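Some structures to go through are shown next.
What follows is a pair of complexes built around chain A, which joins chain B in one and chain C in the other.
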Partner chain A sequence: MTRDEALAVITKALIATVGSVDGDLAEDTNLVDDGLLDSLDSMTFLFELENDLGSKLEAIDETYDDFRVGALVDIVVQATS
Partner chain B sequence: MTVHTLDVGLRGTRDYIQGSQILARTGELVAAESVEPVALLTAKFTRITEQGVRVALDEDDAAEGVELGRAQYTRGGERRTVRFFEVPGPAAHRIDDVPKVTSELIADAAGAASCAFAIAGSFESYLVAVIEFVKAAHAARGEDVVDIWFTALMGAQLPLAATYPTAGTLRLTPKIERVVDGRLQTLGVLDTEGVGAPPSFQICFSCVVRT
Partner chain C sequence: MLASFQILVLATFAASLVYWLLPAGWVEGRRAVLLVTSGVFIWIYNPATLFIAVATALLAWLLYGITRRYPQYGWLPWLIVLPLVLNAITPLDQLIPFPAGSPRSVLFTTLGTLGMSFYTFKLYVSIKQGLKLDSLPFREVLTTTLFYPAFPAGPIDGSQKFDHVALSRDPDIRRWVMGIGRIGIGAVKAFIIGGWIQTTLADALFGAPMSAMYEQGWDGPVQALLFAFVAFAYLYINFSGFTDIAIGAGWMFNLDLTENFRFPLIAHSIQNFWQRWHLSLSKFITAYMFKPMLRRTGKTALSLIVTFTLIGLWHKASLGYLFWGIGHGSALALTAWYRAKKRPPIPLPHVVRRAGGIVITLTFVSLMSTIANQPSNRVLARYVLSFVGIHVA
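Let's turn to the complex of A and B:
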């Protein structure tokens, strides 16, 4: 999966979680720190993301806390390569 | 403005108002406004209370008190977001406890679990069974798991009408776990087996794992 494709999957999971997203997601956006997701939403977001990918993201364990879009893109690209 | 005080109480020895009561009483208010069938889609609780609860039935309604959470119902295809608020003042009145409705719990250390249930078949009795089951599944993970709370459900299609199976099986499949501010947050998929069972949905709980 390319970075653009990974970004599209992440955006889709985000929309499924919060309903809508204003504009395009930038790689330096932090979904939690920038207020797009609260801690409960982040669970739903990860669930939607793994559902869309059809597999568990092993890099995201219970202590994972880096919700920068760029970091998530890295994980998705690596998991699907 | 459509802000209502809910008829809820502290059930048995609990020191908090159950989410199942809040969601059921609110659903009745939403259903009373229309002949269209009503179903619960999502619920999210950010705080608990031992006091009374008010519900603002429209998102723009102003209500006093600390916000406890939100829920979304559908009524004839229209989505409706409601907000819950604590009623400032003394603790709510006490109401009788209800007997346990789940049995035969089987759970593993990772949080996967199943149980049998026997309920009246109403919306509230189903919610009580689900929450009782998932709470027990978390407790079964070990004696070091305490302070277990129902926090949210998503992706649901739970009718307010009494269409639920009176007996069947509940299954929990763990999906996501995160540690936030020292608490373990879990998201699992809840499946129901039985005649007239609703589709699966996601349910979130929060607990403390003592180290």
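Let's turn to the complex of A and C:
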């Protein structure tokens, strides 16, 4: 999966979690620090992301807390390569 | 109560001086200072409590070792709740034949029960962090469990807060002074403001102190609702005051305990409330209960309701806390569903919506908290019936 495709999957999971996203996601956006997700949302988001990918992301355990879009893109690209 | 508090402050003052006299390289010497001070404090409360806490820490360490050896049994760390379950059935400190009549301090009246609930979660976090780092020395588990300022009411921190790096820090006089200030703030909140709410304010509003209301009942829905606000304000002031004391004491040893509150009384939604109230518990719930349950069930609403019901019962196995868990879980599920369905916001000015959100959230959490903290099912029924104008003697 390319970085653009990974970004599209992340955006889709984000929309499934919070309903809508204003504009495009930038790689330096932090979904939690920038207020797009709260702590409970963040877990639902990760669940939606894994659902869309059809597999569990090994890099994301219970205590995963890096919600920078760039870091998530890295994980998705690595998991699908 | 204040006399016990003064002893705690003096002990922390003395222990921190001894702690800082030891060079940074003598980490285990510093740890011994923390363990001995904590051990003495808990022993004064009740030797059996100390025995149970040490035994539970040992169980956590064993569970870590077994899970590390057999990672396929990922559920094993949850066995750390076994002592807590046993304690709910029969108080463990009554099973152990330690000498009766140990000099229990008034400050620690509920220390045994509350402490066990909190250190159980701390130990679970420690096991999980240990598995992640592939290291969990028993001495760190023990320090996490016993650290006396955080023993009765948290915050819920894992062993990393008491690891080699944390204990080898240089003295920081500024933090030490700030720690004393934070303890002072906590004392004012917990003892002075809390006491004023419980007695003077309650007396002015209800004609009786808060504790007497559970006996005499409520005249009607207005008084019952007002009582909920007052009771929740007391809970917040008292709980956050004890957290301030714990965090301040941590600062005196240059240790960073997790902040637990961020002005929860101005939360504008139930989701926002859980980003402001008991943050270390909120983090625990999200990471270790909600997410694994969501992965297993695939259903957000169900996972939220089950998770919060279990958390309610963790607080206390009672009908009130069962309602509390179902109520909070359902409210969060409803909010998540509303957001995901892209429902348009109510057509009112932002400031009106925000103010309305604060009032509704505060009313909801106050009612839930008051329902949960009723001393018996009979009093709970009396409280609920007062909302429909039925006064039960």
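Rule of thumb we're sticking to: the second predicted complex is superposed on the first by the 81 of 81 C-alpha atoms of A that agree within 3 Å, B and C clash if a C-alpha of one lies under 4 Å from a C-alpha of the other, contacts with A are read in each partner's own complex, and residues count from 1 in each chain.
One rule holds for everything that comes next: a residue touches a chain if its C-beta (ideal position, glycine included) is under 8 Å from a C-beta of that chain, and two chains touch if they have at least 3 such contacts.
On a predicted model such as this, the values are computed, not experimentally measured, just so you know.
Annotation for the three-chain superposition on chain A: chain B and chain C clash. In the superposed model, A:Ser81 lies in contact with neither chain B nor chain C.
Taking chain B and chain C in turn and counting the residues of chain A each one touches, the greater count comes from C.
Of the two partner chains placed by the overlay, chain B and chain C both lie in contact with A:Leu40. Residue contacts after overlaying the shared chain place A:Val18 against chain C, while chain B stays out of touching range. Note on the chain A alignment: of 8-16, 80-88 or 98-106, the part of chain C that runs into chain B is 80-88. Shared contact residues of chain A, touching chain B in one structure and chain C in the other: 39-40, 42-44, 46-47, 50, 62-63. Touching chain B in their complex are the following residues of chain A: 39-40, 42-44, 46-47, 50, 62-65. Against chain C, in their complex, chain A makes its touches with residues 16-20, 38-44, 46-47, 50-51, 56, 61-63. The touching residues of chain C, counted against chain A in their complex, run 128-129, 132, 271-272, 274-275, 282-283, 286-288, 290-292, 294-295, 298, 300, 304, 332, 336, 339-343.
On the chain B side of its complex with chain A, the touching residues are 44, 46, 151-152, 154, 175-181, 184-187, 202, 204.
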